[in-house]
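Scrolling down, you'll hit the structures one after another.
Okay, so chain A shows up in both of these, paired with chain B first and chain C after.
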Partner chain A sequence: MTIPAVILFFIFHTFPLLQGIFYSFTNWRGYGDWDFIGLSNYVNVFKDMRALNAYGFTFQFAIVSTVLVNIFSLLIALGLNANIKFQKTLRAVYFLPNILSILIVGFIFQFIFTIFLPQFSDALGIQALATNILGSPDYAWVGVVIMAVWQATAFNTILYLAGLQTVPEDVYEAAAIDGASPWKRFWKITFPLIAPFFTINMVLALKTFLMVFDHIIALTGGGPGYATESISVLIYRGGFEGGQFGYQSANAVIYFIVIVALSIIQLRFLQKREVQQ
Partner chain B sequence: MRLISSLVVSLTTAALLVGCSDISSPKENMVELELFSNKAENIATYESMIERFEEQHPNIRINLYAPPDAETLLRTRLVKNDMPDMLAIAGNALYRELVSVDMLVNYEGEPMLDPIQPAYLQTISDLEGSEKKGIHGVPFAANANTMIYNKTKLKELGEDVPKTWDEFIQLLQKAKAVGEIPIYFTFQDSWTTMPAWNSLAGNLQPKQFADKKTNKEVTFQGTHQEVAEKLLQLKDYGHDRMFGIGYNDGNREFSQGKGVFYSQGNWAIPELLKLNPELDLGVFAMPVTNDPTKNKLVSGIDVLFATLKESKHPEEAKQFISFMMEEQQQQQYMEEQSAFSVRKDVISDDPIMEGIQDNFTEGKISSFPDHFYPAGMGAQNMIQEFLYQGNISKLLKDLDREWDQIQLRY
Partner chain C sequence: MRKKKNWLVTSLLIIGTLLIFFPLYLTINIALKTPGEMVKPLLSLPDEWRFQNFLDAIEMTNFFQALSNSFIVTFSVVVLTVLTNSLVSYAIARNMHKKFFKGLFYYFVSAMFVPFPIIMLPLVRQTAIAGMDNLIGLIFLYIVFQLSFNVFIYVGYIKSIPVALEEAAVMDGASSWKIFWKVIFPLLSPMNATVAILTALYAWNDFMLPLVILTDPEHATLPLVQYIFQSEFSTNYNLAFASYLLALLPMVIVYLIAQKWIISNVTRGAVK
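Right after this comes the complex of A and B.
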């Protein structure tokens, strides 16, 4: 069984990756003739203002979203884990955003930002929300963050919920007898015990947000200007619409290395502070 | 065994008999051609023409294929090396690329090019660039980059269509003074900034700009100052929410009577009339200079036909293209699609288009500047950002830098 698995894995996973690396050393447009051009694609990526701009936006977006998603999903998970009515129904409701397609959610949010919010704020006489934030190069990223966090919180909540199930009930009983306050109980018991889940949530969220694509296509298309162009969008745009297959392959290879490196650093750093059980 | 062989024999004879008696040309001589089109709006029109063509040429079958997001699909098919026989695409950067990698058949000197307005043949040869010789795409239908206006509102203002830039600006001021939105801009979609940019640059930029720019003879910074200034000046006559409203919402608002002018090409007119059939519309070419004789209409090739060199049936493809260029087909297409013919003798009589009729008859036409920009440069995004920030020198510098950098990416 192993050999067919290895072959399948190689054909569908490793081979395309190697192909991408191979093309990054050529000037291939995706069609026609091509030549080897050595490392010049890589050199040009570093000189490319549009790529640097995309890196800037993507990191800003990913860090803010990762932090917000983890805060919200931990809060929701704590709530859903408590003794409340309709616990199972609520868990299902809170998971709903994860099932919806990001593109559809994007178009709904686009409607909210473009038509609903401005009209609503007009009616209330609030000037701050009267213009569509997706149309402003300075604030469009906030719109993308709002939608991304809304959608991604569901999945991370499930992971935190799983983590909270692993905390044994008797430690809380012991703490209650010692007279620990709810805040102390969370900070000294719950949080350290679910630390491995915190680590995995941080790493997964950051990785997903660094590869953000659908959100942007549905909400802003990368605009206004290049204000919300993420690296995945840039690679797609340049590669398919601009015929820069080789060049964007180099961009993708660099990005792959960046993401792997970041994930490893993050894992190392976060695992150190986990409780050794 | 004997049963099977006798069955086979009788079936073959039957097939042969049917072949002889029924259809004049047997199946083996049937030529199938795939026609790839990038427009979804004209499928029904094409189909009725193809039907007529197949009646006249019973041995040729045309398979029309017009998928959504056709340009991206065509690029993926390029990668897979699975190209159709014929293309019906716009005269834009994609066409320029296909010519530059030498994939299309040369039609220079063919009689079917004779009735075409010289301006469009010039556009085609300009698109192909200075390195290539020939006409690799046969222009079929044209579009116009216009200023659409609400006739009722202009009458209320007591004004006529402006002939010079100063007149136009005065008119915009007057409209603003009486509380109208002078131009209904929709800048949330970056491409909607291009009709105005193209009108300005199409009239003001030096000839052969793209080739000279690639050869580093000219720069945006040296030649596009006035274009950027005038575009910025127009923005003053927009409305509060122009950056938060996209093309579709803009069509709806303009059709409901918001705004006197709408900076869009003729392609927006069917959409506007669908939303409000009562709307009284007119179009004109935006006057860019103060010399009315110098103001040209920016018009491009909306559809051109091209044949792939790899196609096994170039002769039949040529027959089809010549057929499409005939007057009858041209008339039908222009009527059904409210497009403009590239033939000198076919003139649109649509009353909405009256304002630009003279441009076509007199050949006062110039081509879309952005069709010559390198693919993937994303000029529209830079222009959108510029309109928001208003920094002329940054825009021109960015355009220059991106253009030069893109040359390094192939």
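Right after this comes the complex of A and C.
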């Protein structure tokens, strides 16, 4: 059973990966003849404004979204873990966005940003919100962040909730007897105890957001101009529609290295923090 | 300790749910309106509920075809993933002391960090040549790709199951095949449920793989149909929203029925 699995995994995952790396050294367009061109694809990615722009947007989006998702999901998880009424129902509601398709949620948010918000603020006479932010090259990314955070907070909340349930109740009782304030109790007890969950959530969220694709396709299509074009969208567009198979393969290899490097740095950094606690 | 209900937190959380319900309310509301009503305030209820939007959307998107495609793909992927991935993980978990299996574990797990776009371009050519640019190919790829993450979580779980249980079965003369299905697989139930839920959500909602793999419109899954529909008929919002709602509904219904079970299993999967 293991041997066929390894073979299939190799054929459909590792082999395409190796092919991708191979094509990154060629000028192949996806059809026709090709030549080896050495590292020039790699050099060109660093000179390509569209590619650099995609990296800039993706990092900006991923970092802001990761931070926001973790703040919101930790707060919601703390709330849901407290001694509240309707606990089961509230948990069910807060997990709901996670079961919805990102693409369709994106279409709905696109409508909210382009039609609903301008109409709504017009009616209230608020000028600041009257323009569609998705149409602004400077602020369109904010719209993508809002939608991504709305959808992704649910899953991280569940992970934090799982973490909070591993914290034994008697630790709090001891702290309460010592007269620790709620704020102090959170930073000195709860947070250190759920540190591994914080690490996992940060790494997972960043990795997912660096691969952002559906959100962009549904909300902005990468626009206005190339303002919200993510790396995945660029590789897809350039590779399939732009005849840049070889070139975008080089971009994909760089993207791969960036994701692996960031994940390792993040893990090292966050795990070191865990040990010190 | 902590006997009193915390009403402040309860109220804050209830207010917070408005943020979750708002886009959904808007979706239902617009799906029931006529184009003429779109000039009125968008939050107001429709004058008259127009169910014709749903009938039109069903016809224009070939909804039932897409629904059955999504269902076939998700169902097959979930069943086959649970059956095969657990078995592979078991073999790895119980042989971790051997270099070969330890290597395999890291091989599968490290693949989690490979972004899909890097294998996407060659994979599409490869599947087209192999005649796998259809639902069967899609099912197959999901099962293979899920292996990375599932090996990671199954192996961790299997390690916590005492080997003594299997040794007892060996004494009774059971084959390792039989031991897995009769002893281990039932013990894996919580993890199987977690894997099944996460796999179902992924296969049902995924858009990128169907987008690049499928060539025949007849094979389109629900998210892909919405994408094609949106780019062709984006002017009629009422129709579009009726169509989105139809696409979201099956999963929402399943969730409403099984939410307690889903949440507790996802939470349990995360703790291990």
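Criterion: the second predicted complex is superposed on the first by the 274 of 277 C-alpha atoms of A that agree within 3 Å, B and C clash if a C-alpha of one lies under 4 Å from a C-alpha of the other, contacts with A are read in each partner's own complex, and residues count from 1 in each chain.
Convention: contacts are C-beta pairs under 8 Å (C-beta built on N, C-alpha and C of every residue); 3 or more make two chains touch, one makes a residue touch a chain.
Computed from a predicted model, the values in this text were never measured in an experiment.
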Partner chain(s) touched by A:136 [first = chain B, second = chain C, both, neither]: first
First, second, both or neither for A:49, with chain B first and chain C second: first
Chain B versus chain C as contact partner of A:29, first or second or both or neither: first
First (chain B), second (chain C), both or neither touched by A:174: neither
Partner chain(s) touched by A:100 [first = chain B, second = chain C, both, neither]: second
Which superposed partner A:227 touches (first chain B, second chain C, both, neither): first
First, second, both or neither for A:39, with chain B first and chain C second: neither
Which of chain B and chain C A:71 touches, first, second, both or neither: neither
Residues of chain A touched, compared between chain B and chain C (which is higher): C
Touched partner set for A:249, first chain B, second chain C, both or neither: second
Common ground on chain A, meaning residues reached by chain C in one complex and by chain B in the other: 30, 115, 240, 245
Residues of chain A that touch chain C when the two form their complex: 1-2, 5-6, 8-9, 12-17, 19-20, 23, 30, 76, 79-80, 82-86, 88, 90-105, 107-109, 111-112, 115-116, 119-120, 123, 150, 158-159, 161-163, 165-166, 169, 172-173, 176, 197, 207, 210-211, 213-214, 217-218, 231-232, 235-236, 239-240, 245, 248-249, 252-253, 255-256, 259-260, 263
Partner chain A, residues of chain C touching it in the complex: 1-7, 9-10, 12-14, 16-17, 19-21, 23, 26-27, 30, 41-43, 84, 87-88, 91-92, 101, 104, 107-108, 111, 113-124, 126, 140-141, 144-145, 147, 201, 204-205, 207-208, 212, 222-223, 226-227, 230, 237, 240-241, 244, 247-248, 251-252, 255, 259-260, 262-263, 266-268, 270-271
Interface residues, chain A side, partner chain B - complex: 27, 29-33, 40-41, 44, 47-50, 113-115, 118, 130-132, 134-137, 221-227, 229, 237-238, 240-247
Chain B residues touching chain A - in the complex, by the definition given at the top: 71-72, 75-76, 78-79, 81, 97, 101, 103, 187-190, 240-241, 243-246, 249, 374-378, 381-382, 384-386, 388-389, 398, 401-402, 405-406, 408-410
